[in-house]
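First subunit A sits with subunit B, and in the next complex the same chain sits with subunit C.
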Partner chain A sequence: MLYKKKAPLAAFLLPGFIMLFIFLYIPFVDNIRNSLYNMKGFVELQKFIGLSNYQEMLQDAKLHTALINSLKMMALTVVFQVGIALILAVLVNNIKKGQQLFRTVYFFPIVISATAIGLLFNLFYNYNGGALNQILEAAGKEPVNWLGASTALIMIVIPTIWSYVGFYFVIILTGLCDISEDIYEAAAIDGCNKSQAVFRITLPLLRGVICTCITLAVTGALKVFDLPWVIAPQGAPGGITHFMGTYMYQMAFVNLNVDYGAAIAVVIVALGVAVSLIINKILKPDENL
Partner chain B sequence: MPGIVKNKRSISVGKIIVYIILATWATTTIYPFIWVIINAFKSSTEVVRNSFSLPEVFTLKNFTNAFSNQNILQSYKNSLIISGTVTVAVMVLATMIAFALTRYQFRFKTALLGLLSASLMIPVFSTIIPVYKMMSGLGWISTYQAVILPQIAGNLSFAAIVMMGFLRGLPLEMEEAAYMEGAGVAKVFTRIIVPLCRPSLATVAIFCFLWSYNDLFTQKILISREKMFPISNLLEHISSKYGTDYGLMAASVTLIVIPVLIVYIFLQKNIVKGLTAGAIKG
Partner chain C sequence: MRNFKKVVALLIVTMMVFVTLSACGSGNKETTAADTKETAAGGETTGEADTSVTDEKITLTTASMMGGTDPNTEHYQEVIQAFMKKYPNVTIEDSSQVSDQTWKAKIAAQFSVGDEPDVIQFFTDNNASEVLAADQFVTIEEIRKVYPDYAADVMDSAWQASANPDGVNRAVPTTGFWEGLFCNKDLFDEYGLELPTDWDSFIKAVETFKENGIVPVAVSLNEVPHYWIEHLMLSAAGGEVFTEVPTDADGNLVARSPEEWVKGLEILKELYDMGAFPKDSQTISNDAANELFKTKQAAMQLDGSWYANGIDDQENTVVIAFPVVENGNKGPNDIIGGLSSGFYITRKAWDDPLKRAAAVEFVKMNTSKEQIEIYWNGNGMATVELEAPADMTPLGVSGLELSNAATGTFAPTDARIAGEAYSSIITSAVDLVNGTKTAEEILNNALQINIDSQE
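Right, the complex of A and B next:
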């Protein structure tokens, strides 16, 4: 009854949706339009160039590197971030004392900004007197240039993965707590041991949660910017550590090739939508379960 | 009997291994922060020589350097103004949207719901160029509102979806009763809905504030004047300028980590819940 009169509706919806339209939806559409025009700086749209920015991407070796790095990042986050989180969650779920403590401790890096984490890891990676090289020197070995061409990418991937394991850990642990104790008891009576319980009961029942985690990890991996930019600015050395996000920034805001940057941003959106659709297609929990 | 004893011991050995694995990961998440805090109290030459021991000479020089060379307090203030405003605005607007979309039936409802969930697929990369264009056209680069407005839009749809999940679970009886007593929609919203929403508003506030506070990308692009730098910008700026002064770097990281650590210790349960809330619904 109260909600039959529609008059107040606009007052509730308009402020929020006006914000969304001005600062999200319209810029989103405008960005697609920008990618089809030749722009000089940020201000004027000059002439329509169609898909030529997208054709240029096919020839752009640095973009290919960035794309491959982003795909590697996605694969590694799924395997290690979600993988480590799953192992830790199953282990913590099996113990009684200290659950809350581990939860708190594992989650902590997530609240720290990626910028601070990047600077912290720079102190580990520095060639002259960084923590890692101090360990090597103490062991009597030669110092290593950790951010050199052969290792830089992995040195960016490690803190990215490490800092977010706790996030998926908490999600999976919550999922584990939802599995009824009765199922395990019934299985134990039928002679099921602990490791069988994990593979035959826990993992199949967690499928939906793991699917959510993988989707979040993959779309999250596509959005990385802060951490790689702090550890290896401008894809250092020589652009080999660019990801889609950092390369987009570099093109639009450093090289001022704005329309090309806009086109890369469109590709990032398309990639994000495509991978989430694929993951849901492959992993979508069976409706009958 | 011997069998039982043996069984008991093998369980405890397994338990010990489990605890060792869990403690090892706990060490990796905590030790780096302890390491950086310890090194903040050493001179740079000592950090370079030996970063793993306690300070030989305990010094506050890095902190005095950080405060005298950089306007750290000003940056804290900028960050609090920006992220505080974003948080409050998102809480208000998200609750209003969620209220309208869960309580009313109307023609474009499905379209608006679709629009909200579609916006979760819009990364900041794909809106930043037009937003930058808009802000520089208005002459707003390096102002608070240049960052506040797009950050509100960026967090709003997720917050609205979280709030809708909560509001759907609230029974309508109280609102109906208030209506019978003569309360209008505005009164129902402010006197019944908002107070009842307090727990999930806390959730929204936490992830909104942290996302905004930690977001370097948007702030880096829209704020270029040093005096207006929020914390993330300042940190990046210090590292590009004084990256080789390891003591100062450690002190700067410490100054960013400590306030968050203190807040985390007091609010950790809410924070963990807040940041994972929307994800679990999937």
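Right, the complex of A and C next:
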């Protein structure tokens, strides 16, 4: 064993654990309890209603929309966020000059606050005089209601995905640097060309990293709140662009139906755990190939 | 090297422990200060409570709705600065913000966990129901026992209008509000239209503006459909039916909304289908809708007295009473308005001997006749007797005429039903115009939530 004395180990781990316990685990258990009661305000429990909130969820059409949107978001983030990040990382890894420049450029959107990005895109999508409609009008076309019922979801998904590509890009790039040059050289001697090297060497060796990225992307998609809420608050128009995170916020803080919001929060956690387990089962990151 | 690492590690741990414990431990100072003050006071003449502001260093936490884009933000901040100048030992920590659903929820949360401010300017009607339930406010009667001249300038009618739902006065009201239909008169003149004082001229205006590429009415159905919902219901039902929450013969609340309420609300969908609202009214923010009106891209906007000062063009904008809808029961000059906010002192501050006098002084400074005149600024309703200022803008005059000519002033629905119930109507406005919910469903559901919340 690395540490002979356990006492210092415990001493250093304890403060962090205490904070987690007080500010995460206790509120979490509290939240589960809150979802079983009818609540008045944010603290007062009024009446025990058991699983009535969960039963209500089965009938709630807007919740179903939010769930489907979250699942769509998960799929899109895996394909586009991680996918594009992977492609960019492989490409950037293969160039000699300008690697630092590309790293900075692709990482930059993450540094910008999501709220700022949301407000920016709001100005782009504005029907009366937004940037996109100004371009259309200058080209002689009719302005488009970008956040109308048919296009709203895509218009929200695009900036959400764009803003976090850099994050996975950096993670994958770091993972790529871990792959030893010797393997590539050996493969080159055996007559392997560039694309074969990517598919036969790079991707399999990146398996663990990609699995981590996919897990992060999927659980992040489940929690996403700031960007959709800023671009289309309350799931505008008409609740069709709700995600689980925004719907929970709406129920708890706008509709003031706190116990229902608490129940949705429990469902989000359960869903997140379930999805992570499924991904781990499918990708099997720790198995030796 | 190892020694160096040990030293660094020890330093970091010490810093972490220090930071974690630094929040505690300030309680000791207060008891010693109070002790010294009591022993000092003991030496003075007996029988009279010391009502002057303490000399000790204290912090007064305050909150108000005069923050952000509210026109009175500057004036309120000036009072704070003047107060801190007069009493250099008192630091005021203010957290003011324009009121919206999120802020109301935040204040309610603060009160439920005991983190409330010492002085707060807040609602006096049902909007404050959750906060009032915490029972953390001192009543005016209690304050006047110790400070008989507290808020002496406020008119009797103002006290009556600003009592809490249980009939007790706890807040000192400063100004009231009215709501009306703001019109860009220059646009009406350009297209030869009369101001929409009745429903026919309103519809004509909507149709004409639509044909000419002007947005007839600026509104964000997603964020602030409040005023349209209120006025359509008032216009259809008339003041009496509008302000009565339905009960059965025994006086128990029922979840059956009056026919007139439903008829009024249904007009919202009719107007939406007619194209009276912006094309993206379901997604734009309230600020964007305001911009449409202020930049003359929209002709009309239904809003309140707080909106008037923010309009750049004070010459060509007027505000009129909302017209009476077809078969409606409202009087042509009935308006929605009232006195629904004021300055409260919380028990936390009142029971603290160091903070009590400071809190009272702060409220007094904000509610003197001079200060109320500054807050009023010719806008809305004043709670003390004032005259119209000589330099009032045409829009200001228009607003004053509106409130002076009002044959009836009725409080909006959120003054009468629980917050959660009202929210359910507001958040269903978009469903209503999309046809996914009917007006009757929305109103009956809200009344049911109101009934459930009374238990």
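To be clear about the criterion, the second predicted complex is superposed on the first by the 267 of 289 C-alpha atoms of A that agree within 3 Å, B and C clash if a C-alpha of one lies under 4 Å from a C-alpha of the other, contacts with A are read in each partner's own complex, and residues count from 1 in each chain.
Operating definition for what follows: a residue touches a chain if its C-beta (ideal position, glycine included) is under 8 Å from a C-beta of that chain, and two chains touch if they have at least 3 such contacts.
Model, not experiment: these values are computed from the prediction.
> Subunit A superposed: clash or fit between subunit B and subunit C?
Subunit B and subunit C clash in the superposed model.
> Is A:148 contacted by the first partner subunit B, the second partner subunit C, both or neither?
In the superposed model, A:148 contacts subunit C only, not subunit B.
> Report for A:79: first if it touches subunit B alone, second if subunit C alone, otherwise both or neither.
In the superposition, A:79 contacts neither subunit B nor subunit C.
> A:42 contacts which: subunit B (first), subunit C (second), both, neither?
Both partners, subunit B and subunit C.
> Pick one for A:111: touches subunit B only (first), subunit C only (second), both, or neither.
First partner only, subunit B.
> Give one of first, second, both or neither to describe whether A:188 is in contact with subunit B, with subunit C, with both, or with none.
Neither partner.
> Using the touch definition from the top, say if A:232 reaches subunit B (first), subunit C (second), both or neither.
Touch status of A:232: second partner only.
> When the two structures are overlaid on chain A, which partner does A:122 contact: first (subunit B), second (subunit C), both, or neither?
both
> Subunit B or subunit C: which reaches more residues on subunit A?
Counting contacted residues of subunit A, the larger count belongs to B.
> Between subunit B (first) and subunit C (second), which does A:208 come into contact with in this model arrangement: first, second, both, or neither?
In the superposed model, A:208 contacts subunit B only, not subunit C.
> For A:253 in the superposed arrangement: first (subunit B), second (subunit C), both or neither?
both
> Determine, for the stretches 4-12, 130-138, 148-156 or 274-282 of subunit B, which one clashes with subunit C when the structures are superposed.
The stretch that clashes with subunit C is 130-138.
> Please write out, lowest number first, the residues of subunit A touched by both subunit B and subunit C across the two complexes.
12, 15, 42-43, 122, 126, 128, 233, 253
> Can you name the residues of subunit C that touch subunit A in the complex?
Touch residues, subunit C against subunit A: 13, 16, 20, 101-102, 105, 108-109, 112-113, 130, 133, 215, 222-223, 278-280, 282-285, 288, 292, 297, 419-420, 423-424, 427, 430-431, 434, 436, 452-453, 455.
> Which stretch or stretches of subunit A touch subunit B in the complex?
Residues of subunit A touching subunit B: 1-3, 5-6, 8-9, 12-13, 15-17, 19-20, 22-28, 30-31, 34, 42-43, 84, 88, 91-92, 94-95, 98, 101-116, 119-124, 126, 128-129, 131, 134, 162, 165-167, 170-171, 174-175, 208-209, 211-212, 216, 222-223, 225-226, 229-230, 233, 244-245, 248-249, 252-253, 258, 261-262, 264-266, 268-269, 272-273, 276.
> Which subunit A residues qualify as touching subunit C in the complex?
Those residues of subunit A that touch subunit C are 12, 15, 38, 40-44, 46-47, 122, 126-128, 145, 147-148, 152, 232-234, 236-239, 250, 253-257.
> Touching residues of subunit B toward subunit A in the complex: what are they?
It is residues 15, 18-19, 21-22, 25-26, 28-30, 32-33, 35-36, 39, 47-52, 93-94, 96-97, 99-101, 103-106, 112, 115, 119, 121-134, 136-137, 149-150, 152-154, 156-157, 160, 175-176, 178-179, 185-186, 188-189, 210, 213-217, 221, 231-232, 235-236, 239-240, 243, 246, 249-250, 252-253, 256-257, 260-261, 264, 268, 271-272, 275-276, 279-280, 282 of subunit B that touch subunit A.
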